[in-house]
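Below you will find the structure I want to go over with you.
We just call them A, B, C and D in the order they show up, numbering each chain from 1.
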Amino acid sequence: MAGSTFGSMFRITTWGESHGDGIGVVIDGCPAGLSVNEEMIQAFLDRRRPGQTRYTTQRKEADTVKILSGIFEGKTTGTPISMAVMNTNQISRDYSEIAGYYRPGHADYTYDTKYGFRDYRGGGRSSGRETIGRVAAGAIASAILKELGITVCAYTKSIGGISIDYSKCSKENIFQSPFYMPDLEASAATEVLMQEKIKELNSVGGIIECIISGVPAGIGEPVFEKLDANLGKAILSIGAIKGIEFGSGFLAAEKTGIENNDPYFYSETGKVEKRSNNAGGILGGISDGSEIVFRAAVKPTASIAMNQKTINKEGENIDIRIKGRHDPVIVPRAVVVVESMAAVTLLDMLFQSMTSRMDSIVKFFRKE
Amino acid sequence: MAGSTFGSMFRITTWGESHGDGIGVVIDGCPAGLSVNEEMIQAFLDRRRPGQTRYTTQRKEADTVKILSGIFEGKTTGTPISMAVMNTNQISRDYSEIAGYYRPGHADYTYDTKYGFRDYRGGGRSSGRETIGRVAAGAIASAILKELGITVCAYTKSIGGISIDYSKCSKENIFQSPFYMPDLEASAATEVLMQEKIKELNSVGGIIECIISGVPAGIGEPVFEKLDANLGKAILSIGAIKGIEFGSGFLAAEKTGIENNDPYFYSETGKVEKRSNNAGGILGGISDGSEIVFRAAVKPTASIAMNQKTINKEGENIDIRIKGRHDPVIVPRAVVVVESMAAVTLLDMLFQSMTSRMDSIVKFFRKE
Amino acid sequence: MAGSTFGSMFRITTWGESHGDGIGVVIDGCPAGLSVNEEMIQAFLDRRRPGQTRYTTQRKEADTVKILSGIFEGKTTGTPISMAVMNTNQISRDYSEIAGYYRPGHADYTYDTKYGFRDYRGGGRSSGRETIGRVAAGAIASAILKELGITVCAYTKSIGGISIDYSKCSKENIFQSPFYMPDLEASAATEVLMQEKIKELNSVGGIIECIISGVPAGIGEPVFEKLDANLGKAILSIGAIKGIEFGSGFLAAEKTGIENNDPYFYSETGKVEKRSNNAGGILGGISDGSEIVFRAAVKPTASIAMNQKTINKEGENIDIRIKGRHDPVIVPRAVVVVESMAAVTLLDMLFQSMTSRMDSIVKFFRKE
Amino acid sequence: MAGSTFGSMFRITTWGESHGDGIGVVIDGCPAGLSVNEEMIQAFLDRRRPGQTRYTTQRKEADTVKILSGIFEGKTTGTPISMAVMNTNQISRDYSEIAGYYRPGHADYTYDTKYGFRDYRGGGRSSGRETIGRVAAGAIASAILKELGITVCAYTKSIGGISIDYSKCSKENIFQSPFYMPDLEASAATEVLMQEKIKELNSVGGIIECIISGVPAGIGEPVFEKLDANLGKAILSIGAIKGIEFGSGFLAAEKTGIENNDPYFYSETGKVEKRSNNAGGILGGISDGSEIVFRAAVKPTASIAMNQKTINKEGENIDIRIKGRHDPVIVPRAVVVVESMAAVTLLDMLFQSMTSRMDSIVKFFRKE
């Protein structure tokens, strides 16, 4: 069944394979009147582009985006925004070897079982390149959120066990590290770790944290369309993500009620605030006006050059060594993907929340 | 916007408040010809019924289900199955106090902000009683899955830090513990812990694990409708769940590629198997034929009788002590809710997977 | 697959069979703060209740609605509104005869083929009683539309070839006729025709016209979610409706461009108006600010007592005479169903239109 | 809100404007293993291409389709199929005149009101060129249906009042007429009529009939997802369609029950057949195994060169003469669009019907 569309009111549909003609996205439901240009999309895409440091794959991919529809005289028209990145650097080497066996940790076997065969070139649709469409959409969602005073900010919380303590959202800090890890000491330690793993022909995983600021209280729909449930789906739909937690998350399981509840208080200006944020900014599936905080676990890159045991299609147990140019850690490149999916999801939920109250609706339509 | 419907081909819509006339669910998309009776629904509901042990709320709720449509001569007709549990034991005590302030850890403040006011009696729609509809639907989804050789099995993995090592799925074991914790030693230790917390007027959280056996490979839709993404949404839509992880989950973030990849091998009978299951049975969002394994973090019950700081609607910072009969831990009663949502989600994804291949479709329609 | 839910932001799910325990609807996405009571729902339901005149079935059905959730202190809470009409007058006569053959013009054969068997009592789910849920939902949608200055008004345009010329919307006029035919001369002629058809044990069809006033320009989404496309789906989903047309409709096929185009002009007050309304108030799928006008063709009642040829399940060609109490014409009772579905659809489209423009969205969220 | 996606299991998303970079479609939910190439898509597109006869617009548009994803080694992979037609012949003449006023019968005014401004070049998103994406998708849906023994066949039933009697489905006949009107005498009379209308600078409308053969009984979902309801939405979503009717359609309103009911009988081979098809092959929203028949009313082309009255944005009532190359009748070019939308809808409903019965589902998953 169709699975390449996400969202309800702000809806994205992605297409494309790693080694096909290109990768793209159609955004439907973008309001009219937003200023959009290719540069702002490209800036987002560049954050996931490979080949920037020695800790990401050495493939060179220009990944230049082109907007094909939905913009007129620099502004969105309210009609679908189609964007595409045509593939240019896909080396047409011999993939017949990879076609014949199932790489551990990859979707080779599951695609073959599901569909009867697969486009095995570079992972096909299950390639990380599929996220290009998500990020292009994330750039536009973020631009809309910015107009509403909302900022989405993701960064690397840990790699291979090296973890940082951080809870702000300064892109300046984040962009200083090749790992988007806004603690330069930890970032330097991670460089040492990565050099070791590269030498081993191995890979590592990590954790991405995301903080969303400026969200008004009241966003998210009970019962099944809770804000955290939808963010959860969005983030878990990114390949390699194996878990997500909000606020105190799994630690909440070990806490008591008095420890985990966040006491409310009125600030001096009369604003409702909380003394802690174990809830991660969401109560009953609805934003409470404080920062939304979640963390996602990223598994180590499945493609490693070390010797691995697996099977081929001929019914044999075999040993393989995966060739090619792969990321020893995908966490840094996944940061902007997490940020993009969070932005897309939040925007959709914001739109959904507009019909919660009769008084707001009457005011909206009786403008004059 | 509408948020009380879950699923696409097998779809459930729940309704009802804690202290309204009743709670119910409409199941749409249930295939015709399944034997269904009220006893099988009731058996599921009884697993979440309060008042069974001293470790759950002492409220007595009969929670007797009635099937109102969709069944004819003992079998489903393919039309909507409407089920309701009418409320009978809702004490009509004075709720004016609770109406005036916002309980920490509850959805009081977020509902008020979103909707302008709230049905404050017993939590209204955000009450745990809302899950009655989910569990009734879960009973039917589980019955269908059983016909397909699939078993969904949830149990308590930890409470207040007391954790067990378990990876089977024996309902017999599980039902022996008042906490649905299939390690009787740990269960006994938990009883001691709970008595302490009850005395403190405090509460604790825990972790629920769920194992799904018998799922064929090929279930789950790339890209956004991944099986894990949908299970994630389903489980995170349950109140009090703060995180979910699949397979090695958050531990994957600390592992290397060679540790986390699951090597394939052919069994002696020629079956494709894996030497480990860090993937939790899902690769690229699609089931790989091994057991699906996930864990969900449950926060401690927000309703505690200890003194807490909060605010009232009059703009004052106040101290409160929440009265009433509350669960000192909700993990045990949430076990069947997790199991139900997993069953509903998996069934929906199974149905969605039926159109993956032309050859299967041609065979389906060209039966004769 | 699930087919009993309609709408996206304002969403209704109906359940129930003609001779089951009851019939109901769950409305999800109703904004909070609307005054709702059972009387206003009942008033709508009474318009489709049988047994009121000799031209409708002589079955007595109280059809008393009960609201089960979603209302607190007389106002909607924003949570699902569950409403049910329990069946009381369903005569438990012997249906074994009808179970064995397929009535022409009914869904007996198609249900049996689709599901393998059917609830044959009184038509089961394909009974006209299914529309009770739609009408209950229509009452609430109409109440919301009223707050926005919008009126939906349906009436009988023709019965058995007797047609009226009418283009206002006066419920007073409409309710004076037992056929909801706001031309009392034509209504009287129809009485004569009906007496003849009743004597013949035959039935007749007719046309229902619907006028929607007060809709602002800009409602409806290009491309597939056009306002007329969604109204079309809604109306064609009512049993017995065989066609729908907007504005000049099928007559447009015989017109020239200069005849069919509606010239715009500025009224004296500077308002944009049109000199004709061949468009039926919709251009490019979007409302143009004038009245929305459509007509629906209703087939003659399929249940007739005349001798008919058909088949039984034993493989025989047989003759039948359908017993029971049936409407000689269903047009009058269908009027409120058409009105209800139009109201539900229009409201959903109004809600969908709220995110068309950045400036409106920014204003909505930056209220203070 | 998002409106450019159609379908549930077989889902199409279109994008693009008349004078933008191009027009395209993403098909999601196409099963794996179907042979697809650009030639078969192009053959469909050529049926709607302008400039073929003197009765269609004299614009030359190559409309060459390119498949960008979803095909590997000549077969569908189960992943999204992205197709695009890049715009090449869009004359960049001065559109400033058209930008300033509202053409009668067009969506200029409604788009401006909805979105605040519009891409006025050639109609933008409301242009007939938008249907290119629908037709490309229709080519693929038709190819799948063909594998299942189902044929969709549309043709011109009438133009400007010249109507034909036809109820077969011979593409050979249909393609002989420049109007796709499979009665060469009527087609010749239409040529005379068209020459007259072209001279007048006027345009005409017409009716398209569609016959679908080979559909098994049991397709279509009660209650809201009836087969006719979904076909109705699909066809009414095509610009310029003002009405749709099934089987006897609006004539049913003037018939009696005994005339309109279709008696069943067993054929000599024991097959269930009907003696007439007033139902148009659908009863209770579900296919009955006979031919599905519907007709759609197409309004006359709104763009005419005759003098017309309208308004400009400056608040003035003005006279206009629309320049450019326009179709004096759009019926012939709309035939393949109707056929395409019918194919897409039917396929989606076929897929939806696969979960109607437990026995079929069990058989599907327990293949071995």
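Keep this in mind: a residue touches a chain if its C-beta (ideal position, glycine included) is under 8 Å from a C-beta of that chain, and two chains touch if they have at least 3 such contacts.
Chain identities (UniProt): A, B, C, D = Chorismate synthase.
As the structure is a prediction and not an experimental result, all values here were calculated from the model.
Taking CA atoms, the transformation carrying subunit A (Chorismate synthase) onto subunit B (Chorismate synthase) includes a rotation by 180°, reported to the nearest 5.
When the C-beta pairs in contact are tallied for B-C and for B-D, the bigger tally goes to B-C.
Centroids of subunit A (Chorismate synthase) and subunit B (Chorismate synthase) (each the mean of its C-alpha atoms) stand 26 Å apart. The centroid of the Cα atoms in subunit B (Chorismate synthase) and the matching centroid in subunit C (Chorismate synthase) are 38 Å apart.
Look at where the CA atoms of subunit B (Chorismate synthase) average out and do the same for subunit D (Chorismate synthase): the two points lie 44 Å apart. Looking at subunit D (Chorismate synthase), one finds that residues 1-5, 8-10, 14, 29, 32-33, 78-79, 114-116, 125, 222, 351-352, 354-357, 359 touch two or more other chains.
Residue ranges on subunit C (Chorismate synthase) touching subunit B (Chorismate synthase), taken from their complex, read 1-5, 7-11, 13-17, 20-24, 26, 28-29, 32-33, 66-70, 72, 75, 77-82, 84, 114-119, 124-125, 351. Within the complex, the subunit A (Chorismate synthase) residues that touch subunit C (Chorismate synthase) are 8-10, 29, 31-34, 76, 78-79, 144, 147-149, 216, 222, 350-352, 354-362, 364-366.
Across the interface of their complex, subunit B (Chorismate synthase) is touched by residues 1-6, 8-9, 14, 102, 104-107, 109-111, 113-116, 125-126, 130, 158, 160-161, 197, 200, 202-207, 217-226, 228-230, 232-237, 239, 242-250, 252-266, 270, 272, 275, 278-280, 282-289, 297-304, 306, 308-311, 315-317, 352-357, 359 of subunit A (Chorismate synthase).
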